[in-house]
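You will see chain A twice below: alongside chain B first, and alongside chain C after that.
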Partner chain A sequence: MKSQTGLLFALPALIVLFMLIAYPVAYTGLLSVTDAKGNFSGLDNFAAVLKPKVTVQAFINTIYWVFGSIVFQVVLGTLTAILLNQSFFGRGALRAITLIPWVVPGIVAATTWAWMFHTEFGIINYMLTGTGVLQNPIGWLTNKDTVMPVLIAINVWKLFPFVAIMVLAGLQSIPNDLYEAARVDGATFWEEVWYIMLPSVRPVITAVTLLLVIWGLNSITIIYAITRGGPANKTLITPIQIFRSAFESFQFNQAAALSVIFFAVTIVVVFIYIKVLSAQPGEAK
Partner chain B sequence: MKLTSAAAMLALTVSSLTLSTAAFAGEVVWWTPNWGEARAKELVEKFQAANPGITIKAEITVSDGLPQRVLTALQSGGAPDIIEVQHGWVNGYAQNGLIIPLDDTIQDKDDYTKAAIDYVTWDNQLWAIPYRMETRAVVFNKGDFTAVGLDPANPPQTWDQFVDAATKLSVNGKSGFAITGGGEMGNTITASLPYVWMAGGALISDDMTTATANSPETVKGVTFYTDFLKKGLSPASTLENDGTAARRLFIAGTVSSYLGGQFDIPSIKTENPAIDIGVFPIPHPEGVNTAGVLGGWSYVIPKDAKNPTDAKLFLQFLNTTENQGFFTDTFPVRVSSQALPRFDDPILSVFKSMLPYARPVPIHKNWVQITQAYFDGLQRIMLDEQTPQEAMDQANEEIQALLDS
Partner chain C sequence: MGSVSIRNARKSYGALEILHGVSIDIADGEFVILVGPSGCGKSTLLRMIAGLEEISGGEIAIDGKVVNSLPPKARDIAMVFQSYALYPHMTVEQNMGFSLKLARAGKDEINQRVGKAATVLGLDPYLKRYPRHLSGGQRQRVAMGRAMVRDPKVFLFDEPLSNLDAKLRVQMRSEIKQNHQRLKTTMIYVTHDQIEAMTMADRIVVMHDGVVEQIGTPLDLYDRPANLFVAGFIGSPAMNLLGGKVADGAFIAADGTRIALDRAVPDSASATLGVRPEHFRLDPNGIPAEILTVEPTGAETQVLMRLAGHEVMGVFRERLTVGPGENLRVSPETGSLHLFDATTGQRIER
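Right after this comes the complex of A and B.
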């Protein structure tokens, strides 16, 4: 009786979950093995999406994008957290300001950055040429060597505050005794960072990194709003390729096939990541 | 996986929440773009007065994201009764069985410009009623012409004269002619295909079985187009610019000419009244006619429309000579509507003179992907990654795969 009552209360939430998650996931799976008319087509869609070179290029770009973003997000976020954990005047205000990029809506941030980096109108080129640092404006978003780093920089700017706040919360839970004991032993500040702070917040960083990997693999807003994957697919990542294929080319079945492949790869990446971490000795769980 | 499905579900939820398309008996739901809102309301009132049993519910759409929104509505089964879409989208819908043929609805078909009718015909059936059409022409700053000793009354006509003029205009930090190479992909297709056609090339053969994107003619047209950037006649930001960005640069006075539409003229006049605007037809190689891409809008009735009978009646009302000429932003497709006094403006006359040379793009189910392969090739040339021949060889291979699939 009791368990049934529980089920009854949970049912509305379960129905919503089913409609919004389980059904679309299952339907995508179905789409991936059928053609536009709904007939079973085996692995044809998978073959069709894997053939073009652009799929491989998009996949490499995705790895570049995710890895590049995460390294800087975690390093910058952790350093910021360590800084914000110190006592100094105006610390509260600085903590609040740090959060701004994180709370700005993605599309607003992306459009604003696109304008700031614009070759002709952008304030960044204006400042660099105005002060004589550069002779001629740089096409940040039109040069094949700068466009991805610029997008990664924007993504880092957007998400490092999240890392900082999470790590800061972890730092604040470290008992003061540890610092005191270290100081009695003559530890320097950097030794405190290395031997006390980082080991203590490692579980936090692990969890945050996992989130960042998932978000990075799914992110579409920043790149789509700024370059739409261009120029010449230099910033095309797989999620954008899926979006293009479904909503610009009407190829829902191929988009579904690519989604299934991408989903499988993501699961494997996440699985390996968790496995590797659980193998670390002395990990706080 | 999550992304596509979640996006589809979200789009579906949003469209069903924001646009309550459930129609009642005698109600016709009409999705019409925001630029014609006031005129749409006027026509609705007139129609309702003449047909008391039918209510028209006009729901206003915006162009940004419209293809995705229309497609989601058509696929979901919750579509309205009439949707305004670009000519080029119609075939994809027809071939996927998402809309119904309108051969029984169109009246005075002979009065319609043939190129527009061809655009929305597939399998010998008419899938939409085209009501608006336009093509581009070169919009230029007469003051800039005078300043470098060019005669604004005598603008360039041939390719050589065009390059010569653009070179003379590219002084003091200005760019003579802005081509597009980024942003909205469709703009660059519209801007560059005419040169490919004028050079005698095409992306695919007439029977649509063979890719011809690397033929010497196509490469010649592509080279002519991309050379504007290579020779420094188009702004350094070309790979970021679509049609809107090019217009913005023109308004800011940093480019002297660009390929624009008649819909650009009012905003230039408002934002920079100091510019003395001129327009000339797209220049052509010696001895060859000019060419342009035919653009415009059509009405379609979705397969799942709740009230197709009344919708057809309303479409016939919208497409009388007078109403079609009244409603369109650019030129009406009906020849008799083009004679209305509002189309006599001298600036419009150049755009009008381009219409007979405007061609529809090929009607192929993979056209969007074909143009994407071509567009990527153009960008590789502009990035200095490949020569025009190399870039078009690669594009050709990709296009052939799309034709074979």
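Right after this comes the complex of A and C.
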């Protein structure tokens, strides 16, 4: 078949796709360079959003949030996968249970955890003070030093099962012979993990990490539902800043400008990430 | 050094017993081949020696030391797997040096030993390659090299040639044999291919349904199979087995054909006579046989014929001009006959 004929068949789908993707992007671009009345305003909106300190803080918070989450999601997820790949009684049940946090809707999880971390009524303070670990209850979600780590912990709890399931699938595709060969070669369990399991699932971890980066950069639900960016903007990440300036302050044009900047930075980050990883001399492709 | 002694070894999976008490004594430096049909428990036994499979009963000792409860790495063995089991994300060099690296050997020592094994196996040009960029034969050599680098007490092979094409298999057979002669290390080798066993082994262990049927040198097994199973399993084309009885110092086939025996044998109501295909002679006074198929291979002619009510294979050095449907007269070499008790399957010594 000629390539033009193929194009003809694909055209309707391409047009729909183009409109679905290109239109919102283009419209955001348009919004970012106009004022509220629709008049062209050059880079005014960009200047306006970059000026306040809060924008910089939101950027820093975003990086803290994304990297803090991903490190623990990947490490905890991979360790869980390794555990779930061993054979022991009740493994099937444990695999199913592990998936629960991922299956629970984000808003439900956020609300539940918000209650559990509540300063006065939360079960966590109750248990910690009750057993004497803590003298006085901690304001987990109101203390500026604890709020971000707590939110990251909730985010890790929500997504590590995803990592675990993906890595587990990768581990299950490793032929048993390789473990046996390693055992004959004198490997201990942790040497098997390091030299056989991890290299074999590296492509999976790479792909999953990329997804986690994208999800982390886009995540709104947990933070917005629990702290809305507070206290004192300690948990304000850029997506929430955009959301709030658009739908709470109704500054659509400034929100659009911030979106464009954020989009550009995100693209750069993701590109660097892919480049760095594909440059490694990995073999298990 | 590398003697292996297997005493009444048993293996069960749950209630199902796979190995029913296997005893084999392997001397240091010997090349022993475990052969038998698929599913008879060869791999299981080999894996028990390696420490990859628990030993349900009996004892396995390496170099005089019982290893039942030792993990593989404490047994000083090396194993070549049927699938080769090369680490896909390591180069040939890293694959071969992996065990030394785990043993915390120095870089220089690893390089030197890997280099030496690679030279012997002709792998020098491939050291930096990954397994997926190697041919089947090269992978096989890497698997061998990985075992050789360790200089173990015992090499274990589980059907290492079964993934290779016929020509390469013949070549690798002789390479493995040469390596054995050079290294003089004990080798235990599993195969279902009796030709592989016959051509390579110092001694063959024939297994069947979880028991040892016979242990002996290749020619021992060929010339004096201990029972009907070994008689039928060793040799290609297989030994012809005729049912009948022994009376008056002769074998009487079921259809009444009389075949003389060279020595007095007690009468027996049910016996099986074994004749290897190459032990038939053309003989104008012999037993009449109807020719079914004729297959000339050049050096010899294989003839499938109906003789004494059985389909019987004969191999003749002569070039035969007869064809299917015609008749032939043949007689077995009296001195090369095998006689078995048909009920117990055991050989009747003549």
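Here is the rule we use: the second predicted complex is superposed on the first by the 262 of 285 C-alpha atoms of A that agree within 3 Å, B and C clash if a C-alpha of one lies under 4 Å from a C-alpha of the other, contacts with A are read in each partner's own complex, and residues count from 1 in each chain.
Note that a contact is a pair of C-beta atoms (placed from the backbone, for glycine too) under 8 Å apart; a residue touches a chain by one contact, two chains touch by 3 or more.
Given the structure is predicted, the values throughout are model-derived calculations rather than measurements.
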item	value
Which of chain B and chain C A:V104 touches, first, second, both or neither	neither
Touching partner for A:V265 - first (chain B), second (chain C), both, neither	neither
Partner chain in contact with A:L83 - chain B first, chain C second, else both or neither	neither
Per-residue contact with chain A, leading partner among chain C and chain B	B
Contacts of A:K144 with chain B and chain C, given as first, second, both or neither	first
Touching partner for A:E248 - first (chain B), second (chain C), both, neither	first
Common interface positions of chain A, toward chain B and toward chain C	none
Contacting residues of chain C [partner chain A, same complex]	50-52, 71-73, 77-79, 81, 83, 85-90, 98-99, 102-103, 130, 132, 146, 150
Contact footprint of chain A on chain B as seen in their complex	1-9, 67-68, 71, 75, 92, 96, 181-183, 185, 235-240, 249, 252, 254, 366, 368-369, 372, 376-377, 379-380, 382-383, 385, 398, 401, 405
Of chain A, residues touching chain B in the complex	20, 24-25, 27-29, 36, 48, 51-54, 118-121, 136-137, 139, 141-144, 218, 220, 227-228, 230-234, 239, 242-244, 246-252, 255-256, 259-260, 262-263
Complex interface listing, chain A residues touching chain C	175, 177-178, 180-187, 191, 195-196, 199-200, 202, 282-284
